[in-house]
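You will see subunit A twice below: alongside subunit B first, and alongside subunit C after that.
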Partner chain A sequence: MNYLDKTIVEIHEALLSKKVSVLELTKEALKRAHENSDNAFELILDESAIKKATELDKLPVPKDNYFFGIPYVAKDSFSTKGIETTGSSNILNGYIPLFDATVIKYLNDANAVLIAKATLDELAMGGTGTTGHKGITYNPYDASHEHMVGGSSCGSAVSVAAGVVPFSLGSDTGDSVRKPANNVGLVGMKPTWGLISRYGLFPFAPSLDHVGYFTKSVEDSALALNLLSKRDDNDATNTYHKRDDYFKEVSKDIKGKKIAVIKEISTSIKDPVLAKKFDESIEFLKGKGAVVDMVSMDATLLSTIYPAYFIISCAEATSNNANLDGIKFGPNYGGNTYQEVMYNSRTRGFSPLIKRRFVIGSYSLMSDNQHDLFLRAQKARHMIVDAFNEVFKKYDAIYLLAAPKTAPKFNEASDKLSDTYLLADNYLAFGNFGGFPSMTLPLGFKDGMPFGVNITSKPFDEKDVFDIGLALEDFTNLKGLDINMKHGEDK
Partner chain B sequence: MNFEAVIGLETHIETNTKSKMFSSAPNLAEQEPNTEVALLDMAFPGTMPRVNKEAVRKALRIAHALHMTIDDTLYFERKNYFYSDLPKGYQITQQFRPIGRNGYVEIEVGGKIKKIRIERIHMEEDTCKQLHFSSYSLLDYNRAGVPLIEIVTMPDIRTGEEARKYVEKLREIVTFADVSDGKMENGSMRCDTNISIRPYGVDKLGTKVEVKNLNSIVDIEKALDYEIKRQSESLLMGIPVIQETRRFDEGKKETVTMRIKTDAVDYKYFTEPNIAPIKLSKEFIEDAINTCPELYDQKLARFTKNYGIELTDIKILLSDKNLADYFDECAKFSKHYQSIANFMISNVLSILNKENKNITEFKVEPKYINELVELLENKEINSSQGKKIFESVVKENKSPLIFKKELGATLINDESTILDIIKEVIKENPSLPADFKAGKTRAQGFVMGQVMKKTQGKANPGVANKLIVEELKK
Partner chain C sequence: MRAVNKEVLKDAANRLLFDMSDEEYNTLLDEFHIIKEQFELIGKIKGVDDSTPMTFPFEVTIDCLREDIPEKPLSKEDALKNAGSVKDGQIKLPKVL
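So, the complex of A and B:
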C-alpha cells in the first residue's frame, strides 16, 4: 500500500498527520510516471516537481486546502507557462507558452504539484487515444496493449487509473473525459458549461468545450470542482452563477430524487453483463428511495447527436486552429510567400485525420453549404437540447451506461450506422450540446476491463450528479479504484 | 455628361479607447513596434476575447449621432480567412447583428441639405500592420486588435464632392464625440469606396469598381471624380467597365488597377462562441449617449447663444474640435468673447499655420490668452506691444503680465500728464490751433505723433486724441 493509491481526501489526512511528506508523494508519482508503459506522457517534470515538493515540505499543511502537495497531471492542451505545450500535435512542437491556463494557476496557487503533461488525441480531436504525435496511448488494465483508453484525454485518464496521481485535468468536447473514464474505471466529471474557466485550454470547439477532470472518488470530484470553478474574468463565457460548496454539500441521501433512464439508449445496449449490472444498480437506487423511470425519447433525434456534434465541432475547430500558421509560434519551415509559410507549416504539422476534420468543418461552413450542414446541425442541436430539457422538467437526472461495452480493442470495427454506435456509443455529447453537468463513474468489471455509468443533470445541478454518484459508490465498492486496487468481476 | 454615378462608402474608424477591442493591451499602435501586445493579439492558443466596454460606449455614441436604430444585444461573428496580418486566422466582427442599422447624416451640397443614408455600423478589430521589403515582410502587432467602427453608407452619393462632404461630416462627428482623432493620414480613418455609373434615368446599376488607398479627404474627391470621368469615357467609347479593385495613385492623381475581381472570398461567418450575446441595459445605452461630448451642431448652437460672436468666426473656431475646446477654456475667464475670438483667429491661428502645427501642440495656457486680451481691451497696452508680449508668451508660456512689466509696457492714462505734453507741443508749434480751426486736420495728427514721440508711444491714444482735439479747439 502506498499513499499515492489513496484519494485526495485520504492523502490530505496523511499529509496533515505527517504520515507522508509531499516529497515522498512526488517522488513516487514521478517514479510511477517513468515506469508507466502506456505512453501517457508528453513531458515528465522531475526537476520542477521535486523543487516545489521540497519547498512545500517546509510549510505547514493547511487544514482546509486539500490540494496542498497533491501531485497532479494536466492534459497537454492546457497552457503551462515556461513548459512546452504541444496539444500532442507536431504543429506546436517546441511551443513554450507565456502564460498558465486559469485552472493550472488555481491548482498551482493551491500548491498542488504538476508532475507531468499528458498525451491526448491530436489537439483533442479524437476519441481513441491513438492520434497524438507520440502515437498510441494504451489502457493500463490491459498489459497486452490491445485495448484503447479512448480519448481525447487519454494520458490524463491513464495517469489516475495507473495510480500515478490521484487527480488529472482533461477536457471534454463530446465525451473526451467521460468516455475514457468508462474505459479505465474512473470518476470523470465535466460540470456545467461556463462553470470552469476555459482560459488557457487549447480550443477544439468552444461552444462544446469543457474543462473536465479525473478522480478516484465522487468526493474528490466535488472537492476539485470547489477549487476549479472559481470565477475568472479572462473567460468571457465564465458564468456569474453562484457556486456551491460542492464538497461540503454532497450527500448520499437520494430519497425522492427522480431519475430517468432513456429507453432508446438503454435498450440499444446488448451486452448482457453490462445490462445486468446496470439493472442491479437501478434496483439499488430505488432501494435508497430514488424514483427511477424508463423514459422514451425520439430515437431519430437521438441518432442525430453524433452527426450534429461532428459537423459543429469540426466547423468550430477549423476556425480555432487557423492561428496555427507557423508565423507566430510552432515550427516555421520557411517559404517564399506567407502562403507558402502557412502551407508548409500546416502540411507538416497536422496529421491526415486532423486535415480531414478541417476539410469537413470548412466544407460545412462554406456559404453554399452552411444552410444545409452547419446551420442544420445547429438546429438539430437545439432540438436535442430542448428534448432533454423536457426530460429535466420531470427528472433530476438522467442515468445510463456510459458506453455499450468495455474499452474497445484497436482492431475492432464498429458499424457506424448501427443503433449501438449512434445511440449508445456516442450519446454523451448531448451533455456538451446543453452544457449539462455530467459525470461517469465505474460500475463494474467484465473480463478484467472496467465499465461505467453516466449521470447527467440540469445546468448548475452538479449536486444531483454528485449525490447520486456518492450513493452508487456504496453499490459498486469501487471508490478509490485504480489498477493497484483489488476489484471483483461481473458475470 | 449623360451618366450618373452611384457611390457607396465603407469607412473604418480607429477608436481611441485606452485598451484594445478584445484584449487589455494599450491601444497605442504608434508606439515602438510590437511593444503594445497582449497574448490574445498574437493568438496564443487558449487566449480568449473580452469585449471592451468603452469601445461599445463609443460605438453607441456614433450610432446615436448617425440616427441609427440601436441593437440592444451585442452579437459577434468570426470572419475566417488566412492572411499574414490576421493573427487568429479570423477577425471578430459583427456580421449579422450590427450595433446600429438604418441611420443617416445630412450634408450640405450647393446650398441644399442632402441626406446620406447609413446602412449599418458595427464593431470589429484591426489587423497587424505589415511592412513589406524586397525579400521579407515585418509584422507589427501593436495594431492587431485595435477597436474599429465600420460605417457603411447606402449608395446615395453621386459625386466626389458629396463623398468629400460626407467624410468631412463623419470626421466631424467622430472627433467631436471623442471617438477617434479621425486622421486619414495616419490611418485612424480609412475609406473604401464603391462606384458605378449608369445613364440618367436608368434604374439598373452599372458594374461596380472598388477604389482603395485613399489617404486624405481630398484624395477621395479626386479619385471619385477621376473614376466618374474614366468610366464615362470608357462607356462612351463602347468599352464596358470591368469589375475590379483600383487604388488611387497620389502622384499621378489617378486610379490604377490593383486586382481584377475574381470570385469573392468565402469568409465562412459563424457566431463567435467565446462571446455569449451581451444584453445592453437601457441605462447603459442612455448613459453612453447622454455622456457623449457635445457634437458640432450642439456646439454651434451654444456658441451662438452663449458667446454671441460672429457666425463666420464660430465656424472657424469649430473647424477643429480642439480649437473650440481651447476657446471654451479662454472664455471661462472673460466676457470679451468676440475679442478673444478675434485674437485667436488673427494671432493664435496664424502662428500655428506658420509653424504648421495643430492647436493641441499649442502649449500656452488659455488663461494667458485671456489676460492678454484683457490688457488690450482695457487699453493698458497697444496692439504693437500686444504682439511683442504674445511672442514672449508663446515662447515661455508665462503670464503676459510678467512680460508687460519687463517691456515697461504701461500706457500713460493720466489726463494731466498727457495734457502737459500736448501743451508743450503746441507751445513749440504755436500755429497749430489756427491751422486746425482752418480745417487742416493734419494738425491733429501732427500733435499725436509728437505726443507719442515724447512718451515713447506710451500715451493712451484714446485719451490723448480727446485732449488734443480739446486743446486745438481752444
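So, the complex of A and C:
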C-alpha cells in the first residue's frame, strides 16, 4: 500500500505531516500511468507535472486545501490550455485549446497536479470504452482484457480504479460516470444539472450533459463538489442556487430518511449474487433507521428512458458538433469548396459509430419524423421526470443496483428489447433527464469483478445522496477501493 | 414517419456534411430494426402526445447580467493557431465565387 492508494483526505493528512511529498506522489502517479496496460491515457504530462510538484514542495501545505498536491487525471474532453485535447476523436487531432475549462482552472488554482489526459468514447458518445481513436480501454480488474470498463469516461475510471490517482474528472450525459463506476468499483458522482460549470467541456447534448467525477470514497466525493461547484459566469446554465458545504455536512446518520426502491427496475435484475447483496444492504439501511419501501412505477414509461435518451442525445449532438469542420481547428484535408473541406474533414475525422449516431439524430430531426421521434421523445422525457418527481415528493432518495450485472464482456450479446436491457441496464439516464444528483458506489464483488449501487435524489439535495452513501460504506467495507486494495468475494 | 432505407440515411448523413461507406450504411440499416422497435415504445405511453416537450431538466431563470468588465479579446495570432489553412493573417478557404 502506497500513499497514492489512499483517499484524498488521507493523502492530505500525510502531506500535512510530511510523511510524503508532492513530488513523491506525482512521480509514483506518473510511473503507474506509464506502467498501466489498460489504454487509459491520451497524454501523460511528465514534464509539467514534475515541474509543478517540485514548486509545490517549496510551499507550506495549506490545512484547509485538501486538493493541494493531489495528482489527478482529466477526461480528454475538458479543454486544457496549451495541452492537446482531442475528445479521443481524429477530427480534433492536434487541437490545442487556448483556455482551461472552468473545472480545470479550479483544480489548478487549488494546486492539484494534472498528470494525464484520459481516453473516452469518441466525443463522449458511447458507453463501452471502445470507440476512442486510440482503441479499446480495458477494465483494470481483468488482466485478460475480456471485460469492458464501460464509458464514456473510460480512461478516467481506470485512472482511479488502477490506483494511478485518487481523483479524476469525467462527464455524464446518460450514465457515463455512474456506469463505469459500477464496473470498476468506484464512487462516481453526477451532481445536480447546472451545479458544476460546463465551460470548456466539449458538449455532447447540453440538456443532459453534466460534469462528473470519480473518487474512492464518499467523503472525497463531497470534498470534490465543494471545490468544483463554485458559481461561474462563463456558463450561462450554471445555477445561482446556494451551494452547501457538502464535506462538512455529510453525515452517516440516516435515521428517518425515506428511501424508495423502484420495483419494476429492481425485479428486472436476475443475478442472484447481486440481488442478495442488494437485499442485505437494504436491511442494513433499515437497521440504521432509514425507511425503505418498494415503490411501483409505470413499466412502459420506464422502458422508454433509453429510447427517449437515445433520440434526444443523438439529435442534440448533431448541432453541437457542427463546429467540427476542419477549418478553424482539426485536420484540414482540403477540397474545391468550403463545403467540400468540411465534408472531407468530417468524413475522415469521425469514426463509424458516432457517424451512425449523428445519422440517427439527423433522421429524427427530419421534418417528416420530428413529431414522431424528437418531439415525442422530449414529451416522454417530461412524463418520466414528472413521474420521478412524484416519487421524490414522498421519498428522500431512490436506491437501486447501478446495473444488472458486473462489467460485461466485449463479445457479450444482449437482448435490446428486454426488461433487463431497457429497465435495469439503462435506467440511470433518468438522472440526466431531471438533472437529479446521482451517485454510484461499490457494493460488492462477483467472480472478482466489482458491482455497485446507485443513489439518486431530487435537484440540489446532494446531502441525502452523500449521507446514504457514507452510511453504506460501513456495510460494504469498500471505502478506498482500488485494484491494489485487497478485497474478498461477496464481502 | 419517413421509411428507413439507404437513400434516406445517406440524405441524413449528407445534411450533416459527411458520408459513410456502404458497409456502414448496411450496419446502420440492421441496427434500425431494433432502434425503431425501441422508438415505437414511446408511442405506447398513455397520453404522451398530450405532454409538453421538455428541453431542460428544470426551469432555469437567469435574471441578472454579468458585470461589464473590459477584457482583451483573443489575439489574431491565437485565433489562427489551430487552423490548418492560413494565409495573410486569415483562415484560407476555397473561393466561393
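Keep in mind that, in the parts below, the second predicted complex is superposed on the first by the 490 of 491 C-alpha atoms of A that agree within 3 Å, B and C clash if a C-alpha of one lies under 4 Å from a C-alpha of the other, contacts with A are read in each partner's own complex, and residues count from 1 in each chain.
Just so we're on the same page, a residue touches a chain if its C-beta (ideal position, glycine included) is under 8 Å from a C-beta of that chain, and two chains touch if they have at least 3 such contacts.
Since this is a predicted model, take the numbers as computed values, not measurements.
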item	value
Which superposed partner A:Ile104 touches (first subunit B, second subunit C, both, neither)	neither
Which of subunit B and subunit C A:Leu169 touches, first, second, both or neither	neither
Subunit B versus subunit C as contact partner of A:Arg381, first or second or both or neither	second
Which superposed partner A:Gly434 touches (first subunit B, second subunit C, both, neither)	second
Per-residue touch tally on subunit A - higher for subunit B or for subunit C	C
Subunit B versus subunit C as contact partner of A:Leu423, first or second or both or neither	neither
Touched partner set for A:Val359, first subunit B, second subunit C, both or neither	second
Partner chain in contact with A:Ala403 - subunit B first, subunit C second, else both or neither	neither
Which of subunit B and subunit C A:Gly200 touches, first, second, both or neither	first
Which of subunit B and subunit C A:Met125 touches, first, second, both or neither	neither
Touching both subunit C and subunit B, counted on subunit A across the two superposed complexes	95, 98, 207, 233, 236-237, 318, 322, 325, 327-329, 338-339, 341-342, 362, 366, 368
Residues of subunit C defined as touching subunit A within the complex	1-2, 4, 8-9, 12-13, 15-21, 24, 27-28, 31, 34-35, 37-39, 41-49, 51-58, 60, 62, 64, 66, 74, 78, 81-85, 91, 93-94, 96
Subunit A residues within the subunit C interface of the complex	94-96, 98, 193-194, 207, 233, 236-237, 239-240, 298, 300-301, 303-304, 306-308, 310-311, 318, 322, 325-332, 334-343, 346-347, 350, 352, 355-356, 358-360, 362-363, 366, 368-369, 372-373, 375-383, 385, 416-417, 422, 432-436, 459
Subunit A partner contacts - residues on subunit B that touch it in the complex	39, 42-51, 78, 80, 82-84, 87-90, 137, 139, 266, 268, 270-271, 273-276
List of subunit A residues in touch with subunit B within their complex	78-79, 85, 87, 92, 95, 97-99, 101, 198-203, 205-207, 233-237, 315-316, 318-319, 321-325, 327-329, 338-339, 341-342, 362, 365-368, 370, 374
